[in-house]
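One chain, subunit A, links the two complexes that follow: it is found with subunit B in the first and with subunit C in the second.
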Partner chain A sequence: MLYRETGQIKTDYKSDMAMFPIAQDRWFIYGCVAVAVIGLPLFASSYIIEAFLIPILIWSLAALSLNMLLGYCGQLSLGHGAFMAVGAYAAYNFATRIPELNIFIVFILAGLCAAAVSVLFGLPSMRIKGFYLAVSTLAAQFVIEWVFSTVTWFSGDNAMGTVDTPAIVIFGYKLESSIDLYMFCLVINIVLFVLAKNLVRGSVGRSWMAIRDMDVAASVIGIRLLPAKLLAFGVSGFYAGVAGAMYAFVYLKACDITSFDLFQSFNILFMVIIGGMGSVMGAYFGAAFILLLPIVLNITFQTFFATSGFAGLVSNIEHMVFGGLIMFFLIVEPLGLARLWSTAKEKLRLWPFPH
Partner chain B sequence: MTATEEIQSAADQRISDEVLMSVRNIRLSFGGVKALRDVSFDIAKGEIRAIIGPNGAGKTSMLNVINGVYHPQEGTIFYKGKTGLMKPHEAATKGISRTFQNLALFRGMTTLDNIMTGRNMKIKRNFLWQALRWGPAQREESENREAVERVIGFLEIESIRKTPVGRLPYGLQKRVELGRALAAEPELLLLDEPMSGMNVEEKEDMCRFILDVNDEFGTTICLIEHDMSVVMDISDRVVVLDYGSKIADDTPNEVRANQAVIDAYLGVSH
Partner chain C sequence: MTKRKLFLTALAIGMMTAAVTETALAQDKKSDPNKEQFIPVLVYRTGPFAAGGTGIPGGMMDYFELLNQRDGGINGIKLVWEECDTAYKTDRGVECYERLKKNGAKGIPFIHPMSTGVAYALLERATKDKIPVVQIGYGRTDSSDGRVFPYSFPLLTNYWSQNSAKIRYMAQILGGEDKLKGVKIVNLHLKHPYGEETKPMLDAMAKRFGFEVTHIPVPWPGIDQKSLWLQIRQIKPDFVINRNWGVSCTVPLREAARIGFPRDRIIGVWWCGAEEDVIPAGKAAKGYITAAFHSVGTDSPVIQDMFEHVYGKMKGNVSASRVGSVFYNRGVVWGIISTEAIRLAQKKFGVGPVSGEQMQWAFENLELDAARIKELGAEGLVPEIKVSCFDHEGGGRVRFQQWDGKKWNMITDWIPSYAKMVRKMIEESAAKYAKDKGITPRNCAA
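So, the complex of A and B:
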């Protein structure tokens, strides 16, 4: 009887169309935000913040980026690692070449650069879909990796293609402690999540889902397919670019093209699949799951196998379990953890009278 | 005056003489298959126009040509004072909505979202406004929601508003698809076998909705239907296609008495 819609009568469409129309959901979200803003900085160690919380804030944005494109608009991309790289290198160049730029402006410009590149590689979606589009975005991954590792201008003429990013300074205040950096990421994360949530529940999101579900019907009701798809590529690229800039400036503290390879593109894809396609909340679930799973598996298997002389097997078994879980989700629950979460809520709604 | 004559004269009064659409000399083929052979007919403003014919006669292809899904090799279309073929989204913006023979709902979305999507082209605020969802963008969304609620009320589907359409029974899905088409406030509504696969009760409801749409909103309707008794009941004029050719174009009663039509339906060889 804790999770109910009854008694919450909506008197106008505006409140029915609110971001979280059910009060309990709203409180849950407020609770999460309160914990993230107040609880975690107070109680989490700087190791936890730097090794887990900041990566989750960054990768959930990356997952959200691909989720808008794949989960909402139905266009698969295997180039998101590279779009993050575009954001990272663009941010590096804006920040070092025009040092007086505010860091938020730098990140917005970085996002716009990645958006432009993403739209460019999204152009083939005019003609091709599914598997063939995936191959074309795979080409984006390789082309962009190649560009950043050969054109040293992007990395300040550093022959290695790797370069340290400048410290983040906001209005003269230099972000140094892990809590500073965490708060910086949290603010960007929350703002971009709210904007994304608004976008996907408005007419833009509906046009994306229409294209995903049935593109002929979408065009027959007046949706122009190419502009809508390119908008999805653009918005998705923007988010990937900002996530890439955050990854470089906050986590790596360097721009390094090997950190944005195909493996990362696949990681983002797995986050979307496991978190839940077409769910904004799913991006957090997916990112947390993919980032935490290897650690949990590692600890589990170390304790079991360390003594039995099979230590070499451990990392292989981890990979197998990881792959198995992804297959499990693809087959059993293609809508991912977000779906399990809403099923649980539905059960709770009936509890304690299931009939 | 006999009863049928009375019905007919009532129909004649309702239909204006004004031609809303004129389909001219359409030829369409897929490789060797000639789907439409030199088909021409008019749709008068305000009428319910039926297209009938045996399976594979080219009925669905005709609707696809009208709203630009198929491109005919020859022929053109006159619509609202302009001559020329349209692209699907153009047809939509010029007031042509349609439903499909095999459901074409957006399966991952709820009833409400499906019908809201039918009004997407009415939304003028760009994506930046929508991302902020503030002021004018919020107001625009609310206005569209109100219009959609009127459609939901009209079709009596309030109780399934928030249900994902994939979970609905077939008959209700067809109704939601009609709702999505109506949400655009069309001038010309194309319905491809709106009653196929329905039970008697559902068919009656659907007939009533079609007549009400025509009556209350003055929407011109062009529908394909297999059930002859339904066609006789609700349509003003009937086009009969057979093997891609028009073999009759008349009032329901005349068509029913037409020997060529009877032969086509009985499968008399050509």
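So, the complex of A and C:
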């Protein structure tokens, strides 16, 4: 009843090609953005912003990055943690060696560096597929970790081996409070979200999906496999690089290579799988699920068990329930939370009179 | 239908969790907050480092409990604390900090990050929030320069001091500093920022004393070190420094036994010097020496009090058999230093809960002399410490312990570091940090 597109007639090409052709969807997204831009900074505590919202904004970009590569183009990468590291280290070097650079330019350059590295490690994708490609991208993880921990030039020859990111300054204004940093992440996130959404529904995204579904057929209908795959690696690397730079600059503020280890690569992969492959929204659902659920479980069990003398139970039960819930969701909806979301929309369409 | 039911169940569970969280966040303390001192405790009870992640906070919480049970708190102010499990992950550590930082009448007095990664991530946040980050025996070495890092306290001994003390100890074994010339030392370190941190220190000392140091990186997590030990056999070093963590601490002992390298020439970092590190190596560990900044065993009166006042009343936080172990005693040391600083803050700012800013003053002016340590019943357990605005380390002295196959024995008295040399390198590194971050160092003379 509420969610029905009857009567929404598209009278020109523009409305037909709109990002969200259904008015209710559009309003929903506008509402989400309004809440994110106005509501949350006004009402959320700094705990919510620092511990929940900023990480979600950062990791959803990372998940989006892998989702474009894996979910749309069908190329599995286990090196995304390392691509984030490339972005973080590149941003650090640009920002400290050329302090005049605007922070947005620094982040774009960092993204481009990560894109270049990602393309380089994407080259084998022409010859190898599936699990074998996963193993070769795994090499990226180890090579890049080795480079950054061995060549100290990248971390500014710091004796501690860490990257001390400089403060974020935009046109002379230093971003310090949690709301400043949140808005900074939000702006980057929204811009990249719009870009990604348009990229995947345009010709580029369609060629990626064709490759994902059957690469031989794709090449028969005239898609050049190598440029299309490398473009996917490049775009994905760019997003990962920006996410890495944000993680280092906004969240950790001082980091070393262990912040971008293999577990982070796996984490990104889990976000994509749980969130839903081949869906932009899925990246957000996945990031929220993987980041928030353990914390929510922890707080919940803390309340129940902390005083009862079972302190050890809290930590262990968190892992057990978290693992159980992952399995639950994968059994109920193997296509991820995004699929659950669209099923809900389908149901809502017929509500309250399902036939 | 079943699918829909499942979906609804999932939704219901989600909403319930959300509701419970809400109440958890809004939960009020029942007792009078002005008669309590809240302390956050980060732990990690799961994962490969859980031995340290339970033992150390366990000892610390036991010491808080001891003060509550035996003395009724600090000047009548009860200590209350809340645990938060970080699982040794940096982002979870940040979340825990943000979750707990507003607790208590005046916020939290300090935080023990329990991991170097978390310490780094909290440095800037805590400075902004005016909450001291206390890292005893680990953490960011160059933050010993209190002028640049007002809210970071790598107390007692940082890694560079520890390594310079190791060199002094080696000189003692050999019979003098001049004997170090031509000596071969292998620095077997984890390929990890923590492992790499001491390389510049050792290189500088090699230049000064004319010994030869070879850095051999151990790939994470360090379970297989066979090829590395073949390399060590070729080098024929006089000493091997074992700078690992967790399971990679144990492997060198077995490998050394295999090639017949004397175990009493392996000098470990103190994170490789717990019972958990040597027991798995069995006989191969006998004779192994590590650095330490506190003693082990249950001899100290304060540890004896634990049995009477804490474990006797079933209030202990770890199993009683771990009392007196290395990690446990380390936690007690942390507890003693933290609570002595609270005592000092109460002396200056009045009895009651204290804020992070007041604690910053207290840590900066903390002094534990031999008489006070004796009074606390912690003789030999805690070294003397004197912190200042200029020097946030406040100690720099190390003891060495040897494993006799059954327990750790202290084999030296406190050995001082080469403080001047360490300090010079710390200042250089801190100055670079200040430049990167645009910080103007405080003037400590004022």
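In this text, the second predicted complex is superposed on the first by the 321 of 355 C-alpha atoms of A that agree within 3 Å, B and C clash if a C-alpha of one lies under 4 Å from a C-alpha of the other, contacts with A are read in each partner's own complex, and residues count from 1 in each chain.
To be clear about the criterion, contacts are C-beta pairs under 8 Å (C-beta built on N, C-alpha and C of every residue); 3 or more make two chains touch, one makes a residue touch a chain.
Note that this is a predicted model, so its numbers are computed, not measured.
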item	value
First (subunit B), second (subunit C), both or neither touched by A:Y30	neither
Which superposed partner A:L195 touches (first subunit B, second subunit C, both, neither)	first
Touched subunit A residues, subunit B compared with subunit C	C
Touching partner for A:M209 - first (subunit B), second (subunit C), both, neither	first
Which superposed partner A:I223 touches (first subunit B, second subunit C, both, neither)	first
Partner chain in contact with A:P166 - subunit B first, subunit C second, else both or neither	second
First (subunit B), second (subunit C), both or neither touched by A:Y13	first
Partner chain(s) touched by A:T300 [first = subunit B, second = subunit C, both, neither]	second
Partner chain(s) touched by A:G278 [first = subunit B, second = subunit C, both, neither]	first
Of all residues in subunit A, those that touch subunit C in their complex	46-47, 50-51, 55, 96, 149, 156, 158-162, 164, 166-167, 176, 251-259, 294-300, 302-303, 306, 311-312, 314-316, 318-319, 328-329, 332, 340, 343-344, 347
Touching residues (chain side subunit C, partner subunit A) in the complex	3-4, 6-7, 10, 17-18, 20-21, 23-25, 27, 43-46, 54, 82-85, 87, 90-92, 94-95, 98-99, 101-102, 117, 120-121, 123-125, 128, 140-142, 191-193, 196-197, 200, 317, 425, 428-429, 432-433, 436-438
Complex interface listing, subunit A residues touching subunit B	12-14, 16-17, 195-196, 198-199, 202-204, 206-207, 209-210, 212-214, 216-225, 231, 235, 278
Partner subunit A, residues of subunit B touching it in the complex	67, 69, 87-89, 91-93, 97-98, 100, 104-109, 113, 116-118, 120-121, 123, 127, 130-133, 137-138, 141-142, 144-146, 149, 180-181, 184
